[in-house]
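Got a structure here, written out as structure tokens. Questions coming.
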Amino acid sequence: MELKTFKGGLHPPDNKAWSEKKAIEVCPLAEGDELVVLLSQHIGAPAEACVKKGDTVKKGQLIATPKGFVSVPIHAPTSGEVVAVEPRLGTAGTRVPAVVIKADGQDAWDDSLAGADPDTLTPQEIKDRIRDAGIVGMGGATFPTHVKLSPPEDKKIDYLILNGVECEPYLTADHRLMIEEPENIIEGILIIKKVLGVEKAIIGIEANKPDAIDLMTKACAGRGIEVGALKVQYPQGAEKQLIYALTGREVPSGGLPMDCGCVVQNVGTAAAINDAVRRGIPLIERIATVSGSAVAEPKNLRIKIGQPLSKLVEYCGGVKGDLGKVIQGGPMMGMAAVSLDIPATRGTSGVLLFSEGQVLKEPEGPCVRCGNCVRACPAFILPTEIAFRTRKGLIDEAEKLNAMDCIECGSCTYICPARIPLIQSLRQAKGAIIAKRRKV
Amino acid sequence: MKEISRLALILTLITAGSALLLAMVEKATREPIAQQRRLVTLGALKAVLPPANNSPDQDTVSLVTGKDSKGNDEQTTFYRGRKDGAVSGVAFRVVAPDGYSGSIAVMVGIEPNGQVSGVAILQHAETPGLGALIEGESWKNQFKGKSLDNADWRVKKDGGHFDQITAATISPRAVVGAIRKGLEFYKANKDQIIGG
Amino acid sequence: MDKTLYISSSPHVHEGGTTAKAMRDVIYALLPCVVLWIYSFGVVQPFIVMLLAIAGCMASEAAWEKVRGLPITIGDGSAAMTGILLALNMPPNSPWWMALLGGVAAIVIGKQVFGGLGYNPFNPALIGRTVLLISFPVQMTTWMMPRTHEITSATPLSEVKMAVGLTGAIPEELQAQLGSVLFGGFGGQLGVLSGFALLAGGCYLIYRKVITWHIPVSFIGSALVLSTIFWLVNSSKYPSPVFHLFTGGLMLGAFFMATDWVTTPITPKGMLIFGAGCGILTILIRLFGGYPEGVAFSILLMNSATPVIDRLTVPKKFGLVTQKG
Amino acid sequence: MNPVSELKRGIWTENAVLKLGLGLCPALATSSSVENGIGMGVAATFVLICSNVVISAMRKIIPSKVRIPAFIVIIASFVTVVDLVMAGFLPDLHKALGIFIPLIVVNCIILGRAEAYASKNAVLSSAVDGIVMGIGFTVALVAIASVREILGNGSFFGINILGSGFIPMLLMILPPGAFLAIAFLLAGMNQVSAEK
């Protein structure tokens, strides 16, 4: 079978063998454990706490309400007492508003939660349920899902694309989910299809997960869902690249997937949607891969939102050797964490522990114009030229060189022999261009 | 109007002053400059002609030697050196248009029998240290005594008799070619040049 | 937690390549040709030339950076690489001081005055060669026959140029003799043997992803096409394409000098244009120019066109292609 | 006015060629030998002094509206004087400097000093300014020419100093050598100034 792919990109060693055969385990929660639920776990306006210190909450109970359209509610991941509503340390190292819940060990569900048969619901009712359950994109970008499922009337959607690519090295959470809960995903897909009213749905899976491809192909047979095997190439899982690989369509520059008739959802999101609609379970858990050379036993875990990363690592046998860096998400696009004490969020697709020796410390050299970044760039822009101009403050020129089309995949920086942090300059350029456009 | 007249007047005065100064200097240097020019020509003539006791620059004949690019006649002045009244040699300027960087002007001296008596490079813009070596004494001396009859007027690299200069064959080739043409013209018009 | 963690922007992994590693690869790729070159031209003298060219490059780079108070970068191997390329561009029987001076000129005039590695508009090795060629034309055109080590100024290209310039055609005995160029029967020429050594080195670099195929293929390809056209038009006046390919510095230029990262375009399309320009100019200079060999000049000329080429070949960004499917 | 500090100003701190970047064209063109450099320097200095003195003396008469044409007329007059005198008495140097003698008229140093100094200062200090600026120009030319002549021809002031075994670096007496020499002198001077 010919594997589909996009142009550009590269192929970093995937390091998935450490955890891809490990079945998902539930990361345990004991009585007295504190869960720190951050109120800003999604793209858009932060939610607003609707509980106060001293309140008792049940698992799944609403603890924060959304503010605005691009925002989602947040729910208690377990039952217990609210011990604090105050800013706590987040991933980026800054203090952000949070609700802290002390688990009572009962893990008792809130009674008001109720499932429904999607066949009896209208698309709008399904969307409301999705929003009320706090569903966001589970690939790591955490964009509120109900927004993505509400394209304007004039945009005709032809394809629903399911992202099971997981092109980030180390991460195996989606892979395991596809193997262990294919039905959950497929039913979720069927629900999304109903919401969007689309005929065609394609699941894109990279060829390094043959078991998942086989299983999904069999499970999808006759249910109006195709499985597309994709070449192992980073960033195959980036929306625009995935759409191109599977449908041959290009998302117009500056546009969204819906502008070329596509909606992309992560397979994890599909499973979460199914849980929310059919069973009424809000987004309080997710699958995360704990891996890396500095963790004793890499595993795939079902974690509760708000559990500190240290708990996750502890369950995986703790830190091994000389810990140098902790990454939330994948190594290409994930964020370095300031400490293991920060809580897991809805976007925590992985926790990677790198040893001291894996930390990149090579000093930056001058650009030798090798062109590697140009060939690797899946957006077909010139990273080094843009970075050079950004550093000189020539933002207008950077804009002319299509800096805004950067998808921040990090391929240019990964391949640069001079070790120039190109992507930082590109982010800086994008920030400056956006600021400038606002001013005008 | 008054302003403009004033400016004009002052500029006129300054210009007039300059003109006066220049007139004086020109008068004072006219003779030395002419003298110098003559000395240059004389020096070159002396270098290329066999011993003579007349003033070759006073004893000249001009002949049409070719056409320039516009089709007008080109004249060459032939200087005749005389020893005790008899013509001992003729010198004239030949131009090699195919030098490495522009034309090379050469003064050639020829004895009445057609043998070269001497060569002087008058003007050139060849590369210093390479093509410019055509000014070297030993290189110029190789032409002495050579005529159309006793030498192959090409550089050695092309199968002739004359030394080229390593890595700068173009300049010598041009000079040798120009002298050959001069010799050929002399041979064809010998009577006019010596007799006229 | 007591342990302080490293914080940095993504990506947190790297392909592992460095500029220094790439330079080392280029040097490895040149080794077969260097060994062949040293051996064929009499071991001692070429070895000294090679060594001093490298020494001149490295010493002047270190000295310049010391005076300017910059970090010393001779460890990255780029100066050594320049030295090797410069030596391969000189007659193996050059005087020792010329090799040294060429190295200094290559680094100082060709590279450091522009700000060092990454900022030089022209290939430093070729700048060094050009300085030497203009300064010492006699020494720079006095070549040596491989194996016999006879000193001559006749490279096959200059023989052809001379013959065509004089008679308008290549004489038959020369025509016959030109066949021997493939086996190094001419001054300064190693012929096919070195051609294959360079080809192997070039393939190694492509395999190691130090260079891409674009420039060598379009350079050699365009030279091949153009020289074939001339040869078919008049084979008595224009030498055969095989002759062009395996004489002078064409192979060396195509694989090692026209592919210099710093001085060539960064876009694949730009690289194709660059290579084609080099190939065409090389053949035109060889056939109609004032110099018998044109590889160095064509590369330098195209180097100067690199910024323009880069500007004209900015790729079409993703998302501008017309819809299909 | 302290003559020593004035001299230092002309040669170092305000050196026309190497600090102010003025008069680069003649500096590049006439610095292939020390002799030519001195000749050019002296010729320019002479013009500079004369024009400075005259312009300073007439500064109150020349209306500012027509000062540039007036300056040019005065400068051109002195240049013509130098040209004629040199042709009459120093023919070899005249030939070597060629077109660059008439071009002194547009040498920015001279017009620059007329505009910036002589038209605002008394005659005596203008004369001193002309002298020190001219010396500075000459020194710069000699410095550039020394480098070029020694490296490019193995000689200094026409005298072979590096022996016959020395193979001259032709590049240095060719135009690119002029650019290189001037660039490195300029850079070196800036480096030394910056370290102070």
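Chains: A, B, C and D, in written order; residue numbering restarts at 1 for each.
Note that in this section contacts are C-beta pairs under 8 Å (C-beta built on N, C-alpha and C of every residue); 3 or more make two chains touch, one makes a residue touch a chain.
Worth saying up front: this structure is predicted, and the values here are computed from it rather than measured.
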Starting at subunit A, find the fewest moves between touching chains needed to arrive at subunit B. 2
Using C-alpha atoms only, the most centrally placed chain is C
Please tell me whether B-D or C-D has the greater number of C-beta pairs in contact. B-D
Which integer distance in Å separates the CA centroid of subunit B from that of subunit D? 32
How many Å are there between the centre of subunit C and the centre of subunit D, using C-alpha atoms for each centre? 42
Can you compute the centre-to-centre distance for subunit A and subunit C, using the mean CA position of each chain? Integer Å is fine. 48
From the C-alpha centre of subunit A to that of subunit D, how far is it in Å? 71
Note the residues in subunit A that touch 2 or more other chains, in rising order. none
In subunit D, residues with contacts to at least two other chains: 168, 170, 174
Which subunit C residues sit where two or more other chains touch them? 137
Thinking of each chain as a vertex joined to the chains it touches, would you call that graph a line, ring, star, complete, or other? other
Chain-chain contacts as defined at top: A-C, B-C, B-D, C-D
Complex contacts: residues of subunit C adjacent to subunit A: 1, 3, 5-15, 17-19, 21-22, 76, 116-119, 212, 261-268, 271, 310, 314-321, 323-325
Residues of subunit A touching subunit C in the complex: 10, 12, 93, 169, 240, 244, 247-255, 260, 310, 323-327, 331-341, 352, 354, 358-360, 362, 365-372, 374-375, 378-382, 384-385, 401-402, 405, 410, 413-415, 417-419, 421, 423-424, 427
Given the complex, residues on subunit B that touch subunit C span 130, 157-158, 166-168
Using the touch definition up top, name the residues of subunit B that touch subunit D in the complex. 6-7, 10-11, 14-15, 18, 21-22, 25-26, 29, 31-33, 35-36, 39-40, 127-130
Across the complex, what residues on subunit D touch subunit C? 167-172, 174, 176, 180, 183, 187, 191
